[in-house]
């Protein structure tokens, strides 16, 4: 309906290879960006209290979108299942904590970006077995990473500077004179900071998956034997996916603790969180960056909105609503796998396809 | 001799030698938890063999069945009636899973089915907490006439304590395994199930529909889960944290192979005994709590050398 | 005429315009072709270089002034450039229909004595090789696409690219010689020779001079304010005068951007991509588009169907008037805006017509509901009347005076008069020079004062000055009772029904009219599907009693409409049958431009015609057909003949 | 001993070069099962070489040996004058050997053009940093290879399905996309595993034409396996016939067709 593609012809491959070759898509993205950049920081979300909207919804959703993109690179684009996401985020968070301790004067943005590399290294290490083992066996390997790292976060006291509480507490840091971490940081500042990371990392992920690297991943995912016969080196390819994926998880873990939570213990990185992230990816759509956005937003906000609605409309105990939303999400996962195994992203694609040929059906 | 080599390679064995009673105690503890791991793994194997589905929800089924049993009893239902009702619930669960999930996902890639069982896990957790509440509960051990108390064995001046519950657990588990073995080899349905594991077409020739087979296997896995739930609940308590422990069935499977019943048992025992020994004798070197990951790391190392498991066959890749 | 009087004349040949454009428009896109997935683009200066190099290459292989060079293939830039290069060296390009079979091609090549052939690909090269034995004049061949030709004997065969390279290395003398030849081109030099398919007999070579092409192009561009920003899609046969004017003449004189599709199968997709601003299509293409729209809408859900119907009803009420700039009420205007958003614009978008500023249809009469449909969407679709001999334009509809039943007012600088027998005559700067090697025909068609007979019967409407065409003049005959017989007029009315693809009406010299009907497989097939009518072949479907019922209804509707006009009331169809095969150009039953050859059909199906007149209720017949691969076969059928109800003529004259 | 340096002239007049690949006394076993027994033949530069045999004759195994996917227990594989050690599949690809698969091994999650682009993977060199920026050299490289792939798409006449996900294509077209992907690798030796299996007559004709065109236009050496004898006879310059893992005959199509052992093997099995 909104699409006017007649006359949008391409005279070069570069035009074809843009992220959004259709003009209307570019306009749509620009509108979303404008809302995210100029509306949300000042007004929050309609119908919700501002601080709540920012702290409980927008900031975590943005952070988890980064996680979901990262996990999607591994699961959706490369076909390697991982249940160690939570732990890899933890690596990023602890690395960030240690780096701020050692380099208190370095800009926090640089530190967060750097802590991703630690996570990437750890991720690649645990990705090593993926060369020999596949499918469900790999789940076990990533669980090994999950539990081993969780254990480390408790037992290796150096990681949390021997803090008796066992938690990491985030120091206050500024960027361009604005406080971005710690309790004193304004929600809008923190939101814009994580959004900045998200935009940067989205562009990079988009670039990677459309190019040689991403094709290598997808080749391994779709048919690893054929990929190898075409000349793809499985180890290098899989490890790069593990590393990139873990980088994203690491950065999002650091952001989660530093910009959102302010302090964290091992529970923030446990296996249940790993499941949560996997749900985001499945629900949003395997192998789709757009899907990661939708999945993260949906899986995170759905229980919150359920709770809010239950409280406001029916005065239901939030704990019950939490369980109801657990069941609902489980059921939705099963439902979407049955109806559309490629998640919300595919549904959106179908809708878009309909809009493009409107008023026709096909 | 000192330093790390001594600590790792000599000292633990020296301790075992010096305190044999304690060593036997550790072995026994490991043996019992190994049996329980094996039980959970058995549930996985049943389903995987029959339908090729990696049932991630097996762990939560253990918790769910235990909760149902305890919950029913708390409502005033007599213990053995509650047991029978719980069996019924597990059947209904198996039926619903087949009806609502499996039937609609036939011919989908394994990974999709796997993820569906993760969704199922969520439903069972949410549903369980919703209905029975999230707090920890004690198993109705006495009511089910499971012996408590303990016997003491004093070999050569030492002391080894055998909890009766543990003995019962081992015995019940053994009986269940023998029962299943008989079911598979002696009954028509059991033979059909085995046939299906080899060849899905075969079920048709036996005259049982694939859908029925699925219900039966899921029900069987449910029974196994219930037994595991009771025994585990009796040893510790019934709580959702059990679910995480139940995940240890995964490394067990890796060791034993996804389709081998004996493998599940042997794997369970190796993991159970191994992790106890490691925790007690080597754990202090790391600062304790190593039980949490030992099983996985062992499985990981194992995978690198024998990806098909102890009893699996070598995979020939075809183009 | 306000426009016209040789608008902005400066240059006297297409090559001169090419140079002018290269200077004036330099880096602006001139040609595009979808190849390798993207629209490869050439600017005017690049085109000038290629055309000049290739012209030098042509001189190198011995092309002389006055030679005829045949051009065969689909629409692609290289072939248009070839025509320019041929003109540069002073030779005459003769574009041919690419789907012509070898023997048709042989006739034309032999008739003009072409010494050179420029062919698109292996398929065309093979065709020419097949007949080269009968062509003593033919010397060399040039191909564009080298695929599959690597192993061919290259002593008389050249690759376009390599000739271009040879040309770029040409000596200074050669370049000077080329300059001399270009300088000698003027209004009287032959620009092109186009063979008319002709509804009867052998094709005739229409010689058109630079004056014809350049002035017609300039005038028509000015008439519609066409500029160098216009995008056009070149998809109609290059041998057809329309394509020659749009994609070559007009393109060269004002610098239209010519876009060539990737392949024949992708034309509609390519149309959607390019979204041309100036678009020409014969009525059958608009008809096919409308049919597709109707069918695709039927596949949608109830909501969309209702939405579509609601807004299309509104559009048919106010769309036309809005386009004509008439005043329309505020609410209607608002509702039209809404419709534009929900239906019209998306619809135009999916058809690829969003950007059409000027659209034309010609060649046949267009069904009024088809015409109105596109106009109501806000597409400025107009009609023109023309022919090869006129360099297309005889009459055109100016903006604001567009109707489906006229063909417009005389084109700029064109005079039109009606002869005593009702035939339309014109005199214009576009009027052709002569028929090549055919002085008799030339004399028959064009008189000493420059008046050309169109062969069509028509009249000029009083008050508006618009021309209305009835039929081919020679087809307008008399029934045995002396009443007027205008078969095409009736046929067109029949063809306006989507279910009827073609109709052939007979009756000259007889006491009443009868008709052959060809059903439209797409439309009727869909109708059959919806009504659960099973069929396995075209033949079975066309003979189905329910189909016959439906056709009968259409015929009777037409009879009522024909009876309204006293002069033509005698043309009502008394009896008809539905043909068991589709009329086909390969069987000689139609021209390549899909005009029915009534006489040939009448002879070929003589048994059917006599059955129609002798009162029999069915007839067994055998027919020879040519399959796509050129093999011949025979099909047999027993056809049912139906009587159609006649309407009472409402004047005393017809009642006699 | 055959002369391995001199070529020969094929029936249609093409000059066939020296030996490109030579299989010497290949024996392949899976556990106790012998798939190939003592088979020897060569493939020459520029020729179309067919390996035929009834189903289960060991053709696919043979192709997998040529391809380096299986390592024979006995015998040697010589490629371009050197004995080839056993190496991982991706190194074989680097040597310029590409293949198609009997059971179509396309990347189902990708479109046609993306599948064809995968064939260029080895030729794309720009590093990770450029890739994540997708600017400058990385983009230029991408464009360059895209262009080559589009030429192949044009060559195989699959423009209309350029952006269609391959999973939704009919079988015959999938085969063509697979051929396109293999061609995109610009292989020196192209292996085709039953290129015409499961096709109707028209599709078979198209595929034959494409195989001949590939050989003609790019000069690619082609080795194909096929169980349908008739298809091969018009296509191949020389044919090896296998049956139950043993070599029955080796020669031109005419010679092979007249060979009694071949006739016996095929009688009652095919046609």
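As written, the chain order gives the labels A, B, C and D, with residue 1 at the start of each chain.
Throughout what follows, a contact is a pair of C-beta atoms (placed from the backbone, for glycine too) under 8 Å apart; a residue touches a chain by one contact, two chains touch by 3 or more.
The shown structure was predicted, so the numbers you read here are calculated from the model rather than taken from an experiment.
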Fewest hops from chain A to chain D - one hop per pair of touching chains: 1
Far-end chain from chain B, centres as C-alpha averages: C
C-D against A-C, pair bridged by the larger set of C-beta contacts: A-C
Rounded Å distance, chain C centre to chain D centre (Cα mean): 47
Rounded Å distance, chain A centre to chain C centre (Cα mean): 58
CA centroid of chain A to CA centroid of chain B, Å: 33
Whole-Å separation of chain centres (CA-atom averages), chain B against chain C: 78
Residue numbers of chain C (touch at least two other chains): 37-38
Residue list for chain D, restricted to those that touch at least two other chains: 67, 69, 101, 105, 146-147, 150
Numbers and ranges of chain B residues touching at least 2 other chains: 319
Chain A to chain C touching residues, read off their complex: 1, 3-13, 15-16, 357-362
Residues of chain A defined as touching chain D within the complex: 12-14, 16-17, 204, 207-208, 210-213, 215-216, 218-219, 221-223, 225-234, 240, 287
In the complex with chain B, residue positions of chain A that touch it: 79, 81, 129, 132-133, 135-137, 139-141, 143-144, 147-148, 150-151, 154-155, 225-226, 229, 271, 275, 278-279, 282, 319-320, 323-334, 337-338, 341
Chain D - residues contacting chain C, complex: 113, 146-147, 150-151, 153-155, 159-160, 162, 213, 216-217
Contact set on chain C toward chain A in their complex: 29, 32, 37-41, 231, 259, 272-275, 296-297, 299-301, 304, 307-308, 341-343, 345-355
